[in-house]
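Structures given as C-alpha cells follow.
The two complexes that follow have subunit A in common; it is paired with subunit B in the first and with subunit C in the second.
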Partner chain A sequence: MPAPLRRLASALAVLATAGALVWGLMLLSPVDPARQILLAQGDPAPAPAEVDATRHELGLDRSYPEQYARWLTAAVRGDFGTSWRTGDPVAAELAGRLPATIRLTLVALLFATAVALALALPGLERPGGPADVFARGLVFGGSALPVFAVGVVLLEFVVVGAGIGRVVADGTWSGALLPALPLALGIGAEWARVLRGGLRDALGAPHSETARARGAGRLRILALHGLPHAAAPFLTVAAMSAGGLLAGAAVVETLFTWPGIGRLLITSIDAGDLPVVQAIVLLGVVAFLAANLLAETLTAAIDPRRREKR
Partner chain B sequence: MRNRSLHVGAWLLVALAVIAVAAPLLLPDPDRVDYTAKLAPPGATHLLGTDRLGRDLAARLAAGARTTLGSVGAVWLVSVAIGLLAGTLSALAGRLAHETVARVVDVALALPQTVVALAVAGAIGPGMWQLVFAMSATAWAPTARLAHTYVHAARERPDVLAARMAGIGTVRAMAAHVLPGASARVVVVATLGVGQLILSLAALSFLGLGAQPPTAEWGRMLADSRHDVIAAPWLIIAPTTAVFLAVTAVSLLADGAREHIDPGSRSWPRF
Partner chain C sequence: MATVLKIRDLAVTYPDGTQALRGVDLDLAEGECLALAGESGSGKSTLLRVLLSLLPKGSRVTGSAVVDDDGTSLEAVGADRATLRRLRGGLLGYVGQDPHAAADPLWSVGRHLREAWRARRMRPAKGAAEERAEAVGITQARARLRQYPHQWSGGMLQRAHIAGAGVHGPLVTLADEPTSALDAGLAATTLAVLRADARALLLVCHDLRHVAAVADRVAVLYAGRVVETGVDVPARPRHPYTKALVAAAPRPGHGLPEELPGTSPDLRRELTGCAFAPRCGLALESCHREDPVLDDGVACPVVPR
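Showing the complex of A and B:
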C-alpha cells in the first residue's frame, strides 16, 4: 500500500476506535435518553408507554453492537441525535455555532504564526547575544502563561476597563481579533520554541556554513537553508497543538461569550447534554487527526528521509 | 555539574512543595469566610490580601498548590508506572502482546488529552478526580512507547548479550542492564508533559470542570474572582503567578533532566 493511503487507513482505524469510545460515553451516563428527550421536547411528565415508544424509535431496545452500528452510520451522515437540553437535532445546533469557532480559530492561528515568527527569528545569528536571550525568555515565559489569565486581563482591563472592543462578542471576523489573542499567545510561543530549535540547528549545519562562506546573503540562507529544514518538526508540533484548540476555544469563548462550539460544549457539559458533548468531542478528534494527517503528508513532501519510514 | 535549569527547576519545585505542605501551620484556614475583611489588599494580617468572601489569598494559594501538585503527581505516577510496565513487558513478550500494546498506544496517542478530559466530564460530571482519571487515560501512552522502543533495542545491546551469555536470566539481565536507563528516560518524558498538564488542569478548573467549591484551585480561584480583578488586582496576579511558577519549575526541571541524561538532544517527544 502506498504511504499516503496507509496513513489515511491508520487515521480511519483510530477514528473508528475513538468513535466507539465516544459512543461508549452514553453507557457511563446515568440518564435515560428516551425520557430525557421527551422532557426536553416539552413533555413535563412522559408516560411510561410514551418513553417505551421513544426508546424503540431510538433503537435503545436493541443490542449494544447494533446500537453502536446505528449511531456510527448516523454520525457519518452528520446526524448526532437529539439534544437533551433543547430537544432539537444536535447537527442543527452545531451548524449554527461552527462558523464562529472557525473564524476565531483561523484568526488565532494567523496570530500564532506571526507570534512564532516574531519570537523565532531574532538573535539567531548570534546565539547567546542579547536578542537571542530576550527572545528565548519570551518563548519560555509565553508557554508557561495560562490562556485564561491572559483572557481575563484582556476582558476586564482592556474591554471593560478601557472600553476597547465589545463585551458580548458577535462572532464576526472583526470581533474575533481580541478573543483570538489569548488563544494565539500560548500556541505561538510553543511554535516559536520548535521553530527556533530547528532554525538554530539548520543555520549551524555545515551546508549553511558553506553557503555563508560562499557569500550568500542572510535572507537567502534563511529561506533556502534554514526554513525548509525547520519546517518538518514545526509542522509536527503545529498539528499537535490542534489537540488543545478545543479546550482553548472553550476557555476563550466562555470568557468572551463567543457564540461558538467551545461555549456550547461547556454549556452542554453543565446541562448534562451528552449527545451534543459526543458530537463536539468527535469533531475535536477529527480535527486533530486531520491536522496530523496533513502534517505527515506535508512533512513527507518536504523531507525525503521521512518517506521511507513507516 | 553545570546544569543550571535542572538546579533552578528542582529548587523552585521543592520551594513550592514546602509552601504547600507548611502553609496550614503558618497561614489561616483557606476556607474561613470573613465578611469584615472582603477584598482586603495585601498587608500584615493577610499577606496577599483576601477575595470577595474575605478568604485569605495566601492560604488559598497554598491550598491550591496542594490540589495541583496532588492531581498532577497522580497523573505523573500513572504515566511512569503504567508506561514503564506496558512498554517493558510488551517489548519482552511475544508478537501478539507487542502488537496489542502498540495498537492501544497508537489510539491513546491520537486522542488529544484535553478533549478526552472534556468528554469524561461530559459523561460522568465535573471534578478533579474525574480529570485525573481522564488525563491518566492518555498520559501513559508516550512513556509506554518510549519504554518499548528502548527495551526492544536494548535486547541486542553488547552488554546485555554478554550478560545473557554469562548465563544470567532474562529478568535479571533486564533489571540490571536495561531497567535503569529505561526508567530514567520514562521519568524525564513523563515530566516533560507535566507543564502542559498543569496548564490544562487549571484551564479546565477555570471552566468549572475541575476542582469544585470550596476546594481551592488556582484556575478556579481566578474564575471565581474575575469580576473583582480591577478593584483587587492581587486576585489575578497571585494565582497567575502561581501557575506560571509551577509550570516554569517543572519545565526547567524536565529540560535539565533530559539534557543531563542525553546531552545535546532536542528530539525527545513533548506532548
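Showing the complex of A and C:
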C-alpha cells in the first residue's frame, strides 16, 4: 500500500476506535436519553408513553450493535443527535461555536510560530552566548507557565487593570488577540526548543559548511538548508500540540468567556449534556488526526528519503 | 610558475587554547598539487579552514595567507566580507571529506551543483551544470542530476562536489581528505579527477600512499608545524616523524606495521623544543630545548644534509 494511503487508513482506524469509546459513554450514563430530550424540549413531566415513543424513535430499544451502527452512520453525516440541555440539534450548536474557536486557534498558532522563531533564531549565531542563554531561559519559563495562570494574570492586569481588551469577548478576530496569548506562550516555547535543536543540527552539518565555503550568505543557508531540515521535527511536535491546544482552549475560552467550542464543552459537561460532549470529543480527535496527517504528508514532501522508503 | 598561494608564519589558536597551527610557511605554485600530510590533530584541516574563514568564532589567527590572482593580492587572514565573497567559491574551491555528509539530503544533486552559481548570486546558464558534471566524468548527467544524494554512490557524488567546487574556475582548489570516505579503488580515480580539474590543488590527506600518485610536493605537519617538505617524501622520508608515519602504514607481507611510540603533544600547553622530541628515538638533548627550523626541507638537526 502506498504510504499516503497507509497513513490515511491508520488515521481512520484510530478514529473508529475513538468513536466506539465515545459512543460507549452513553452506556455508562445513568440518564435516560429519551426522557432527557423531552425535558429539554420543554415538557416538564413527560408521560411514560411519550418517553417510550421517543425511545423507539431514537432507536434506543434496539440491540447495542445496531444502536452503535446507527449512531456511527449519523455521526459520519455530521448528525450527533439532540442536545439534552437545549433540545436543539448538536450539529447546529457546534456550527454556531466553531468559527470563534477556529479564529482563536489560528491566532494562537500564528503567535506560537512567532514566539518559536523569536526564541530560536537569536541564539543561533553564537550558541551558549548571552542571546542564546537568555532565549533558553525564556523557553524554560514559557513552557513551565500554566495556561490558566497566564490567562488570569492577563485578565486581571491587562483587561481589568489597564482597560485593554474586553472582559466578555465577542469571538471576533480582534477580540482573539488577548485570549490567544496564554494559549500561544507555552506551545511557542515548546516549539522553540525543537526548532532551535533542528536548526543547530542543520547549520552545524557538513553540508552547511560546504555552502559557506561556496560563498552562500548566512540568511541563504538559514532559509534554504536550516529551516527545511528543522521543519520535520518541528511539524511533528506542532501536530502533537494540536491536542494540547484543544485542552488549553477549554480553559482560555472559559476564562475569557469566549463563545467557542471549548467553553461549550465545559458547559455541556457541567449540564451532563452527553451528545454535545461526544461530538466535541470526536471533533477534537478528528482535528488531532488531521493535524498529524498533514504534518506527515508535509514531512514526506520535504524529505526525498522518506518518500520512497517502504 | 607563478606562486598563487603564499602562507607566512601562520598561527591559529582555537577558543579552547589549542594551538592548531604554530608558524607555518607554505607556497603553492600555479598548476601544482601540494599534499598536506600528518595525523589527525596535526593542523591540516585547520589550514584549509583559515583560508576560507571557516574557523569557529573566537579563534585567534596571526600571520598571513595571500592568494595572488594575476597581480591582485587577497589576504585571507582577517578577510572582510568583500574579500570573502571573492575567495569563497570564487578564487578558492572547496571539496569536503564525506561526499554524502557534504550534500544536503533534501536537495537533488543538480540543485546542489547549481547552488555553486546561486550561492554567489549568479544564474547558471542553461545546461551549464550538466556540462560541468560531464567534465568530471558523470555520464547521463541530465537524468542523474535529478536524483538525490542517497541515490548516488560516494565516488560519483564526490565528483559532483568536485564539479561544484570548480564552477568558477578557482585559482586554488582546497580538498580536505576527499577520499577518506571512499574505498581504495575509487580513491585513486577520484583524486585523478580532482587533480585534472584543479588549477592548483592543496590536498589534505592522511594517507601518504595516496598522496604519492598525484602530489608534486608533500608537506608533513606535526603538532601544527611543517616538519618536512619535498618532492619525494613518501618514498624517501627523512624526518624521524615522517619515517615513523611511513613505517606505520600497513604493507602486505611485511607483518604488522610499527606503531608510533607515545602520543601527540597537548597543544593547549606552551611547547618548548621540538614537539616530536618526546616520541623521537634520535632526539638529542638540545631537541628538548630548541625548536628546529625548516632547513633544506627538514626541520630536524639530526637529519644529515
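The rule is short, and it goes like this: the second predicted complex is superposed on the first by the 307 of 310 C-alpha atoms of A that agree within 3 Å, B and C clash if a C-alpha of one lies under 4 Å from a C-alpha of the other, contacts with A are read in each partner's own complex, and residues count from 1 in each chain.
Rule of thumb we're sticking to: a contact is a pair of C-beta atoms (placed from the backbone, for glycine too) under 8 Å apart; a residue touches a chain by one contact, two chains touch by 3 or more.
Keep in mind that what you see is a predicted model, and the values were worked out from it rather than measured.
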{"item": "Touched partner set for A:Leu246, first subunit B, second subunit C, both or neither", "value": "first"}
{"item": "Partner chain in contact with A:Ala144 - subunit B first, subunit C second, else both or neither", "value": "first"}
{"item": "Which of subunit B and subunit C A:Gly215 touches, first, second, both or neither", "value": "second"}
{"item": "Which superposed partner A:His207 touches (first subunit B, second subunit C, both, neither)", "value": "second"}
{"item": "Which superposed partner A:Leu8 touches (first subunit B, second subunit C, both, neither)", "value": "neither"}
{"item": "In the superposition, subunit B vs subunit C on subunit A residues touched", "value": "B"}
{"item": "Partner chain in contact with A:Leu298 - subunit B first, subunit C second, else both or neither", "value": "neither"}
{"item": "Which of subunit B and subunit C A:Ile266 touches, first, second, both or neither", "value": "first"}
{"item": "Which of subunit B and subunit C A:His225 touches, first, second, both or neither", "value": "second"}
{"item": "Contacts of A:Arg126 with subunit B and subunit C, given as first, second, both or neither", "value": "second"}
{"item": "Interface residues, subunit C side, partner subunit A - complex", "value": "52, 54, 57, 84-85, 88-90, 92, 94, 96-98, 101-106, 108, 115-116, 119-120, 148, 150, 161, 164-165"}
{"item": "Subunit C partner contacts - residues on subunit A that touch it in the complex", "value": "126, 205-207, 209-216, 220, 225, 228-229, 302-305"}
{"item": "List of subunit B residues in touch with subunit A within their complex", "value": "106-107, 110-115, 117-126, 195-196, 199-200, 202-204, 206-209, 219, 222-223, 226-227, 229-230, 236, 239-240, 243-244, 247-248, 251, 266, 270-271"}
{"item": "Subunit A to subunit B touching residues, read off their complex", "value": "10-11, 14, 17-18, 21-22, 25-26, 28-29, 140-141, 143-149, 152-153, 155-157, 160-161, 186, 197, 201, 237, 240, 242-244, 246-248, 250-251, 254, 265-266, 268-270, 272, 274, 277-278, 280-281, 284-285, 288-289, 292"}
